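A short write-up of the structure that comes next.
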Amino acid sequence: MRYAYYPGCSLGKGEQEYDLSMRAVFAKLGIELVELEDWNCCGAVHSDINNPSGAYAMPGRNLALAEAQGFETVITPCSACYKNLRQASKTIAANKSARQTLNASLAEGLELKGNITVLHPLYVLLNEYGLARIKEQVTHPLAGWKVASYYGCMLTRPKDDFDSTERPRGMDDLMRALGAEVIDYHMKAKCCGGALALSHAGVTAQLTGNVLVAAKDAGAEVVSLACPMCHMALDAYQGKAEHALQQSLAMPVVFFTQLLGLALGLERKALGLDRHIVSTSSVR
Amino acid sequence: MDDKTNENEPRIGVYVCHCGSNIASVVTPAEVVEYAKDLPGVVISKEHRYMCSDPGQTLIQKDIADYKLDRIVVAACSVAMHEPTFQACIAEAGLNPFMFQMANIREHASWVHSHEKEAATQKAKDIVAGAVAKVTYVTPLQRFEVPVTKRALVIGGGIAGISAALDLADMEVETYMIEKTPTIGGRMAQLDKTFPTMDCSICIEAPKMVDVGKNKHIHLIAYAEVKEVNGYIGNFKVKIERKPRYVLLDRCTGCGLCVEVCPISVPNEFEEGLGPRKAIYVPMAQAVPSIYTIDRDACIECFKCVEACGQLQAIDFAEQSEIIELDVGTIIVATGLDMWDPTEIEEYGFGVYDNVTTMMEIERLHCAGGPTVGEFERPSDRKVPKTLGLIQCVGSRDKRYNEYCSGFCCMYTIKNAMLLKWLYPEMDITIFRIDIRTPGKTYEEFYERAREAGIHFVQGRPAEIREDPVTKNLIVRSDNVNLGRSAEYEFEMVGLSTAAIPSAGSTDLGRVLTVPNDTHGWFLESHPKLKPIDTPTEGIYLAGAAQGPKDIPQSVGQGSGAAGRAARVLSHETWEIDPIVAYVDPERCINATGGKCDLCYRACPYGAVDCRPGSGKATYIVPAKCHGCGTCVAECPQNAITQYHFTDGQILAQMHALLAEKPEEKVLAFTCRWCSGMGADNAGVSHFEYPANTRNLLVMCAGRVDADFVMEAFRLGAGAVLVSGCHPQDCHYIDGRNNAEKRIVRLFGQLEKIGISPNRFRLESVSATEGAKWSRIMRDLSEVVTGMGPEAIKTENETARPHLTKRLQRMAETPGVAEVLHLSESARLAGLKTETEQAMNIAVAQGVQGGQA
Amino acid sequence: MSGTLNPFVVEVQATVGGERVLQCYQCGTCSGSCPVINEMDYGPRRLMHLIQLGHKKEVLTSGDMWYCVSCYSCANRCPRDIPITALMADLRHMALHQGYAHDREAELGQAFVETVNANGRMFEPELMMRYYLRTWDIAGLIGMIPLGIQMLLKGKIPFIAERIKSPQDLDPLCAAPPDSKRAPMSQLSRTLLTLGGGGLVLMGALAGLWFRLNGNKK
């Protein structure tokens, strides 16, 4: 299996843990990731603030690049990038004028001709690679770890083929396969407010707090997630959340790839587990 | 003018109406009369102030006798207006009514070209020429008769089917009722009380059920399904499969000893899974027939039941399913509805949270005959809930699931709330809704009573439900629209008012019956307002929720209505079939020589085509099932299919006449008889003017328009061509417009390739009320033609002509067409007449014998 | 057979999110689902109704679309299948470029696309600089300092911008419409931006030097 890898802007310095653990784990599983050359920002939630066609054309440039570089599938770990690229690929496939607008906005020589499939690494592991295969390679099961999976918003919404939009279970299935005890809680697919982190940090703090409190009350010892923006909110903004809720949380928040890495026997440092804001020393 | 009576030459009479001043003030009738005199075949040409009046009609009849006319053209108003009038008129005078053609010079000329009198008169001449050309080639047609079997079939034993069957029985019609489940009764039997009267449902239904079981004119076959239906109105051949109960009908007395000893319990479907039944069971106490059934999937074959049955020996594990064949004259479809499963609407937690239930489950829980003997207990702890939340429109009015409103659920939720308030006055009940719909008699008053009883009504559709893990209570989060803010409401139990969906298997049954289902799966009625009981398949009628969600009085009413529609047919010895049907020439059909073509079969929405690709047998079309759209005629790549009264030859003759003079200045518009034709008429009635360089050619359906016709029009030099039909969802023949689209869309690219500017050819949909749209389209196309100018158009046509001629080779060689194209001697015409009459007789014979040619 | 529609309705219907705005039957599922409804002036349901009535100014001056977190809960549950999240984005575009926007989030959006236009990818220091020079949100900036220090110590702050080969390729998508009526940046902000830009370049150079001296490749 060989995929184009679109890390997205957040996986640079800010959420490097995800990039490190993602590459390490996929290498360990034998899945080839080739970073897309010259990829551009997907636009996050601002892609269309100045030009409405930016909604699909800004992420769409990356699809054209993937095609030009000989790939059929792009995987991207960030939920927002995933949502943007996947929705762009769907819009362009369904709508001839969208494809034309995209191609018109691209540089000379670059053109999107066909359809590029966009997948999230979680569902690549679940559907294409297979849980059974992963389970075989687990050397350090997360025995008894109480893991609350946090899906956030854009991993499962808008509605797609991979998981429920209201009660997703993909990450939970993975955690179960790694030996963890799955903690279910009603905020697992509710918004962290990450989009407003700069302009209205108080809102982010409140929403993030609601998620963490619900996970904690349900008995979670660690929160696993799949989006760097959610991680920034739940990890970096945990202090602000504690302040907003007037309550201590002390909840380690890690990426599902890091937990997967640990279960596969990889080193903490290699997975970036010492880079979080909230201490992950209990995650071992 | 020719008064020789050569029986092989047409003798056409042309009559130009003034219609008072409606026509005469714009078109000059005298000019048209003069012009018509010189048209080939015209013997007499006259005018009259009011053709449709008695004197006008008498004039025609007298001329038929005096001049031995055999074909008549009346140039007047629309076919929709007076075609039947003149057909009856000439029939009285001894002519076959199909030897007639209407030329619309009012709605299509005088009323829309009042500012171009000369051009309007020229157009009127062309229209008459077209009519004369077509009528030259028409043949006499007989409405043929088929015998009627005086027996009725009712599929479905719910309240609608029961109503229909009892009415038919009262008319002494031998009626067969088929029911899929082991007992009749349907949804109504599951209800506790019925709104708005609050009478006990089974109490009012059971007597009718018993009636059906005992009635000497009704044969009830329960636990059976319809597998195959062949034939047509008056003559349906139905194959029914009766599933084995493993309990013999003629021996079981319903004593129930077997149930007592059966060790297996499974959820009872009748109780929505809330209560048990044994592997050997009757679904409910009042079952009709009161015979047990063994569910072999649950049964462990311990045979204790056999032992208990003892001497009666009513249990037979070796029983096989039985195929029953019936001949019936009419079929009534009364298959009812199911309730939608709300598991999909994940935000409500049905199937995840114990205390989230459906309204039908609630129905069973408070019913004295239900699984908890009328104690309304919530699932998690079997306690009576103190607070209850009911949510409307779950899965209804929802584009993600079922777009429609299910109609009865507002009332039935209010009913459940009222019942519970009576039983448990302290219970706090809230109904969450978007609207409240109370359309029936005393329904609004019922709603008033509910409010008086203290039931809360919150306007707002809940966003999500979550559960308190300890108490198992539900927390419903909803926008309270009236208060303008969101809130959370806690309830011990929640009920979801789910959508009604068509009974499982409706689409499959639709295929078996060749009755179409609409996009949601409900059976499709012929006309939503004027024919809500008929289906496009003659002789098959709809009753009850099978046609669309409805309540009990509506179902009963429609059941009786269906019985009436069926009786219409069954009270006759024979039934007349309209002859404008399609016919396959067995010598030209490619399947006759081992071909594997089924294009006509696929195009027909009525299942009128019996097609055996690869069998060596030619395809044939059952006349009684054919509705005369002509789509198959246009689809056939061998040009093997003809449509009586709209043959290729007749249409082409009309087209040639219309485009004879200065075709490059004209717009030729094919319109369907229904929406577009009436839309064009509507433009006339409303006097929406448009230029006079436009010519209409009427066919029954846009589906009839062969790609060849369009190409021939351009080959003849037309300036622009339009094909216009109903809007696809309104097509009078269901799929005709869609088929036209698929076929004609290909032409766009092809024509452009051979040099015809794309704006010279259009495909449109115009409804009967869209006169303004029609007028606008005509204006647009007319401007395209005048804008380009005759020279430019001629040049494009010249370039295209050789390509078109080549492609039209096959059409040119088709019998019936060749004559027209070469304007042959009338001697050939006589031969043609005999051929088609013979063909008609063969078709009828084939149809009656059920397809063995 | 449609009648004449209110011009604002027509304007909204022309957007991707607003095609079916007239279909909304005010069920309230959206507002009931919205996690930030308490921050909004109206909430999605009432906003939809205001659009239907053509109350353009109220809609575009509201803070609602700027508080939208793009969680898609509303769009996912809407029984009329109205893509409300996309509509919110369209309203942001309209409000900004027709001169109605006043929220800090509007400034963030512009700062974001300008940064992306300059580099092809995000560069947080530049984003921050642009954002704070637009909003002058000193309180907010101060509130970010403790977190900033934590992130600095954990090595989560980039100093060198990652650039794509030709960032100007993104010009057509990132440039504001020529007829935009958005509020311009103040002269002071623009001057500081130029200076700050220079500062960033310097910072990048120094960082590059530091990494090279310390043997790290970046």
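By letter and in written order, the chains are A, B and C; residue numbering begins at 1 in each of them.
As a working rule, contacts are C-beta pairs under 8 Å (C-beta built on N, C-alpha and C of every residue); 3 or more make two chains touch, one makes a residue touch a chain.
Please read all numbers here as calculations on a predicted model, not as lab measurements.
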**OP:** Tell me, please, which chain's centre (mean of its C-alpha atoms) is farthest from the centre of chain A?
**Re:** B
Original post:
When all chain pairs are ranked by how many C-beta pairs they have in contact, which pair ranks first?
Top reply: A-C
Original post:
Counting in whole Å, what is the centre-to-centre distance of chain A and chain B, each centre being its mean C-alpha position?
Top reply: 50
Original post:
Just how far, in Å, is the C-alpha centre of chain C from the one of chain A?
Top reply: 21
Original post:
Which residue numbers or ranges of chain C touch two or more of the other chains?
Top reply: 73
Subject >> chain B residues counted as touching two or more neighbouring chains >> reply: 347, 464
**OP:** Spell out, as numbers or ranges, the residues of chain A touching 2 or more other chains.
**Re:** 165
Original post:
Which part of chain B faces chain C closely enough to touch in the complex?
Top reply: 347, 393, 397-400, 434-435, 459-464, 477-481, 484, 486, 769-770
Original post:
Within the complex, which stretch of chain C touches chain A?
Top reply: 15-16, 35-36, 39, 66-73, 75-76, 86, 89-90, 92-93, 96-97, 103-105, 107-110, 112-113, 116, 120-122, 124, 128, 131, 135, 140, 143-144, 146-147, 150-151, 154-158, 162, 164-166, 169-170, 172-177, 180
**OP:** Would you tell me which residues of chain A are touching chain B in their complex?
**Re:** 164-167, 186
**OP:** Under the touch definition given earlier, write down the residues of chain C that touch chain B in their complex.
**Re:** 1, 25-34, 37, 43, 45-46, 73, 77, 79-81
Original post:
Where on chain A does chain C make contact in their complex?
Top reply: 9-10, 12-16, 38-41, 43-55, 57-58, 61, 105-107, 153-154, 157-159, 165, 190-191, 193-196, 198-201, 203, 207, 236-237, 239-240, 275-277
